[in-house]
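Both complexes below contain chain A, partnered by chain B and then by chain C.
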Partner chain A sequence: MSFLMRRFRPEQLRVLVLVGVLVAILIFFQTQVEGFVSPRTVNRLQTSIAIITVVAVAETLVILTRNIDLSVGSIVGFAAYFVGTQLSRNNDMSPLLIVLMAISVGGVLGAINGVLVSYGRVPSIIVTLGTLAIYRTVLVEFSNAQTVLTSRLPEWLQTLPSINLASVGSFDVRLIFAMALAVVIIFQLALTYLPYGRRLYAVGSNPDAARIAGFPSQRIVFFAFVLCGALSGLAGFMFLGQYGNVTVVAGQGMELQAIAAAVVGGVSILGGTGSAFGALLGAALIGLLEQGLRRMPQIDEFWRYALLGFLILIAVAVDTVVMNRLRAIWARNELQMAAGSDQATEQEKPAHVA
Partner chain B sequence: MTQSPPRSPRDGPIFELRGVSKSFPGVQALSDVSFFLNPGEVHALIGENGAGKSTLIKIMTGIYAPDQGEILLDGQPVQIRNSMEAQTLGIAAIYQEPMVFPDLNVAENIFISHADRGPVVRWGRMYKDAREILDRLDVKLDVRQPARGLTLAAQQAVEIAKAISLDVRVLIMDEPTASLSAHEVAQLFRIVNNLRNQGVAILFIGHRLEEVFQIADRVTVLRDGRWISSAPRADVTTEQVIREMVGRQIDDFFAKTETNRGELLASVRGLTRDGVFSDMNFDVYKGEVLGFAGLVGARRTDVGLALFGINPATSGEIVYEDKSVNIQSPEQAMRLGIAYVTEDRRQLGLVLPMSVVVNVTLPTLPRYLNRLGLVKRSQEAATARTYQEKLSIRTPSLNGEVGKLSGGNQQKVVLSKWLNMEPKLLILDEPTRGIDVRTKAEVHHIINDLAAQGLAIILISSDLPEVLAMSDRVIVMREGRQMGIFPRDEATQETIMTTAMGQVGTANGAGLNGQPATEGGSADSEVPL
Partner chain C sequence: MSLSQPAAPATDSPGFLDKAWQRLKSWEGMLLAVLLIVVVFNAVNTPSYLTFGNWVNLFQLYIEKIIIALIMTFIIINGEIDLSVASIMALSAALMAFLHEKEVAFPLAVLIGLLAGLVCGLFNGFWIAFVGLPSLVVTLATLIAYRGLALVLVQDRSIGNFPVWFSNLGQKPLVGGLPFALILFIAGVALAIVILQYSGFGRSVYVIGNNKDVARYSGVNVRGVKMWLFIASGFIAGLAGILYAAHLGAMRGSTADGFELDIITMVLLGGVSIFGGTGSLWGVLLSILIILNLRNGMGLANISGEIQKGFVGVLLILSVLAPNIFGRVQESYNRRRRLSAAETAEA
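Moving on to the complex of A and B:
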């Protein structure tokens, strides 16, 4: 036990806590809704959370640095619309080029946020509140408020949402979910193993110390915004693939869902803690709640929204309480170990004399 | 404590400052300072508040560039443009409040600044290396533990380990012992000795002279931004160092005129705020200025905040106008007639974007309401005008933004605000910090007049000559404890500084605390020099 406690830290167990909450919710809905835990639910969940997961990972990168990006929804819409228009004009463009295009469009928009926040020293909440509106307006202007139509998109994109990578029994692994999962894994590894990833944590954890340690804090924050924009661009491509029809309101409100998913997944709004994997779990938790509530006919649609908000608050509260408990147990264990080693040395001495 | 091994003279200094000067608008922070550090030497830097120590550290670590003068490393002139460059050159600083990343673990904190550990973080190796460095320092810490929740001493150890991992050659320690327990200090000194034996040059800044003398090989004194002396520890005495620290002139200060002490206003007995200050015993008389002297970290401001109810005391008694009171909030303090002029004028004392008039009447606004509950603007303006004349506030318009006024005039607005409350006890915290000489003299005049009118004044100031010139009695604090009370004629710069640095020993302080009844008389001033 004490070996395990030395090996793992409460912060690492947070993921387990989230998984526990997830299972609890599953059990709850299973008792309320006939046949809730079924391949159909799982498959549907995959498609419903894929896009929001990618955006939540994007948002996590920025929140880690003690900033926030409210413009992600607009970037998703912008990128979706931008590549959608290009594709409807020219159906022969290669899929890879399209994906790269979406990523770069998002990256550029993210870079604008990044420059203003880290070099212009404007608080990120203000910058991205501004660009949230600006990017959306530019999109409306750029599109003449016209819709990208599914029928004018190439075949491969139209079939994208229904592509299965693999099937285990009736459980499918949707391509679009696999993409999100790939993003989560890549960024989880990057945050853990790349020096840049660790510095994102450092900058958000103690900005003053980062400055005194001589970090290029401005550059680190700037790139967090660029990456956030690029991932949102990728999410824009996925949006286009999933819905086909892209209107000027595409991705509206997505920033709040993404922030909610990140926060539920253990990202501290004060920076310094969180992970890509947590963002995935957060997105899954919210997606699951939404699915479950939707299938309880006794719950009115308007109340569903309020209930969702309420459950998010509970999830975060439970997480905080459990984490505090765990930390207290760890601290006590450390004290005991320290006391134990003192005793051990004291007991050794008489043994030697004897 | 072991002495460092003798070095051959040809080793030469590792680090040297030559004729370094630095000024900020209105302040000459450093003028023509030169000194050097030898490898394997602990060099103590001491000086009063505002002697230029912090500026010097910032120049050494590349946060400020010197206006004039040279920095030499191994005899070669170098430019240190930022803290990254300082690190590359092997210069690191650890501060009283350690600068760790609370969300990262111990090992990460040690290696976070390394750019040479490959493109990928190898966690296993990092834990192993971190453990090795901590072992070398003989520090027992779990390298996987997040820095959040570590004690200050442990955080310092992490920072020292970080410096070592970066092959530090010059380590600056800025008051590292200020918040450590005696046991932790001993442990820190063991680490320092360890580093010294490894040939690191250590610049040790400290306020506790006994510690400084315990650890240092050489001692340099700064005063008012000037180099005063450098000497081997064996060649200096505490008395000598203190004399060099305080050798300032008092002539250009306005001296308080003698006033007759009025009746007793408040008696403070055993006032304590857990973990901040303890067992304060003093009396406050009408018409008297009671000065509070001490070094940074002496917790004088905290006593003021407790009297004003912002951070209330946790135990002890205050008898105010013959009634026992328990002050728990500023509202309550204000009802009792206590006013507090904060040291942080811009943040806490004023609403900068609002007008002079609004600021003056802010705490007393209910008096200016008509029957409908609306503010009577003309009456407000009249009050502001009265104080403008009384305190000669220089402002183009009373409706102008307070933020646009000079520091001195802002301070007068703050004073007006509290005087308008007609307080009985006025607590002034650093009332002349950052204001020009002329206004400073005016503020001193005002203080003097107020006392003559029978107001009780508590004057907290880091400006020692000011405290001495203005106060009828001076309380000296050190690290949250009352070290003594000196009547005006016994308060000299040397006695105050000696007491503030703890040179009288704690026995005397304890004796004082044991007999609060003698407070206010001259019995408590029997402080051996």
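Moving on to the complex of A and C:
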């Protein structure tokens, strides 16, 4: 038991539980809907969660530092619209340039948030509540309420959502999902192994301690917002690719979905815990539930939204109660082990002296 | 001897003018100055602005939001937040409309709608006060859930055809040119000021917002206060939802979508700290007046609703940023003055 406890931390156990819940939901829908576990479902799920996964990872970075970004939906819409207009004017722009443009537009908007939060010392919820409205306003004014049309976009972008990277039998790996997956993997590795990633956790779990320990807290939080904006910009590009038609309300309400996915995936709103992989699992769980409920004819389509809300609540409640219990057990175990090793060294000592 | 003579404090305590100056330098003073500027600006630009009709109109346009802003002030001072108010509005109105459609007696439908708001608040309060989850997460989840329930009830229809007296209640003046909702708001303001600024309950709201643990150890019933606040918030949101339905004359699933952000903006602009413990209803009232007058003035000047929203967003950020920058400039100025004073003393 204690061997196992040394190998796994409660947070890792949590990810395992989440995977278990995912499988349980799959099995449940398999019994309810004929042929639910099929290549078709998997392929659909990939396209439906790709964008929200990227935004959820972006949100995770900020929430880890005990902040919140409510403006991600506006940033996604802004980037999608901005890039879409550039492309409809000039079809020859290279894909790489377009992606970089989307990322940098998002990054700039994120940097504005970051400056205000970390150097202006305005609480993040106030800043991003404001910029949620401001970015949308700028977008509406900038666009004259016109729509980016699919037909004006270049060929390669129109075919983007249906591109398969690889097919195993009839299971496809969609390009758009592969992009999201790449984002998850890169940020999971960065959060785990890079000093900057670890500092995000440090700042979030105890801001005072992080400051006293000499971390440049302001800069760390600032870059978290810049990265969040940049990833939202990337999500904006994906949005353009997937939907083609972009109106001025694109991405509206996405902030709540992203926060929901992150929170279900185990990112604590109080900062300091969570992972990019968890955000992916959260997005997948919500996406799967939506897919399944949509395909159960006896359930009214309007129930989806209500169930989703209660699911988030239950996930967080169970999480808080169970995780607190688990952490207590772990802490006690560690204490016992420490006491045990103390005794061991004390017994050894006299022998050494003798 | 000087101890027995309390009658000469005039020299060391600030005089009336000083006090007034201190007041003006406070947050509320700043808001008052901004409000005056906005009012004067509007009055000069649009002749019809200062008419009674326009002022009733100005309140009536946002009446549901400003009613909820009153209870939101309590909740944010208490150190919590309620994002689900707009969804509760929708759910209460949807339930009422649904029952009306099923030919339940209309007053009963209204009553059940109000009750639904109360139950929603109770549900929020349970998770926050007793399970101890962060209110941001709980009300984010119920924001989605209550909206979903409202959608289940009305689906993609629009339910209207309310009795005439009900629509009149929402649209026509009741007494002396004032509509029902506005009278309710004025009464609500008086009640809220008495409770928050002058009662024991109000003090405990502040104490809990300042430091929850200290409040608990001093014997304040933290759970009870939080519970009551969320129940009240739910009930008032339900009431506002039903008023909104009367106001619009119809109800859809997306009714009141996104109102929570406007409401929270009003409260925060009023100088209430998002971390709880500080702020006053006076400030919130001033900020409500500023936002209403700004939007009214911009509306009269043909500025689009979208720009108005963005402008309020800028105002929200500036309201916290400006004092921060001002404070820091003053701090560095003081430090420099101390340093130069020390240098001259050395010399």
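What we mean here is this: the second predicted complex is superposed on the first by the 314 of 354 C-alpha atoms of A that agree within 3 Å, B and C clash if a C-alpha of one lies under 4 Å from a C-alpha of the other, contacts with A are read in each partner's own complex, and residues count from 1 in each chain.
Rule of thumb we're sticking to: a residue touches a chain if its C-beta (ideal position, glycine included) is under 8 Å from a C-beta of that chain, and two chains touch if they have at least 3 such contacts.
Predicted model, so just to flag it, every value in this text is computed and none were measured.
Enquirer: Examine A:L97 and indicate which partner it touches, taking first as chain B and second as chain C; both and neither are also allowed.
Expert: neither
Enquirer: I'd like to know which partner A:V321 touches here: chain B for first, chain C for second, both or neither.
Expert: In the superposition, A:V321 contacts chain C only.
Enquirer: Is A:L194 in contact with chain B, with chain C, with both, or with neither (first, second, both, neither)?
Expert: first
Enquirer: On the superposed three-chain arrangement, identify whether chain B or chain C touches more chain A residues.
Expert: Partner with more touched residues of chain A: C.
Enquirer: Kindly classify A:G130 by the partners it touches after superposition: chain B alone (first), chain C alone (second), both, or neither?
Expert: Touch status of A:G130: second partner only.
Enquirer: Between chain B and chain C, whom does A:V23 touch in the aligned arrangement: first, second, both, or neither?
Expert: neither
Enquirer: Counting only touches as set out at the top, which of chain B and chain C does A:D300 meet: first, second, both, neither?
Expert: Only chain C is touched by A:D300; chain B is not.
Enquirer: On the A-aligned overlay, A:G309 touches which partner chain: chain B = first, chain C = second, or both, or neither?
Expert: After superposition on chain A, A:G309 lies in contact with chain C alone.
Enquirer: Would you pull the chain C residues touching chain A in the complex into a rising list?
Expert: Listed in rising order, the residues are 127, 131-134, 136-138, 140-149, 151-152, 155, 253, 261, 264-265, 268, 274-275, 304, 306-307, 309-314, 316-317, 320-321, 324-325.
Enquirer: Enumerate the contact residues on chain A facing chain C in the complex.
Expert: It comes out as residues 68, 116, 120-123, 125-127, 129-134, 136-138, 140-141, 256, 259-260, 263, 269-270, 300, 302-310, 312-313, 316-317, 320-321.
Enquirer: Which chain A residues qualify as touching chain B in the complex?
Expert: 6-7, 9, 11, 192-195, 197-199, 201-202, 204-206, 208-215, 268, 272-273, 327, 331, 334
Enquirer: Which residues, counting only chain B, touch chain A once they are in their complex?
Expert: 61, 63, 82-87, 93, 99-105, 108, 112-113, 115, 117, 119-121, 123, 142, 144-146, 149
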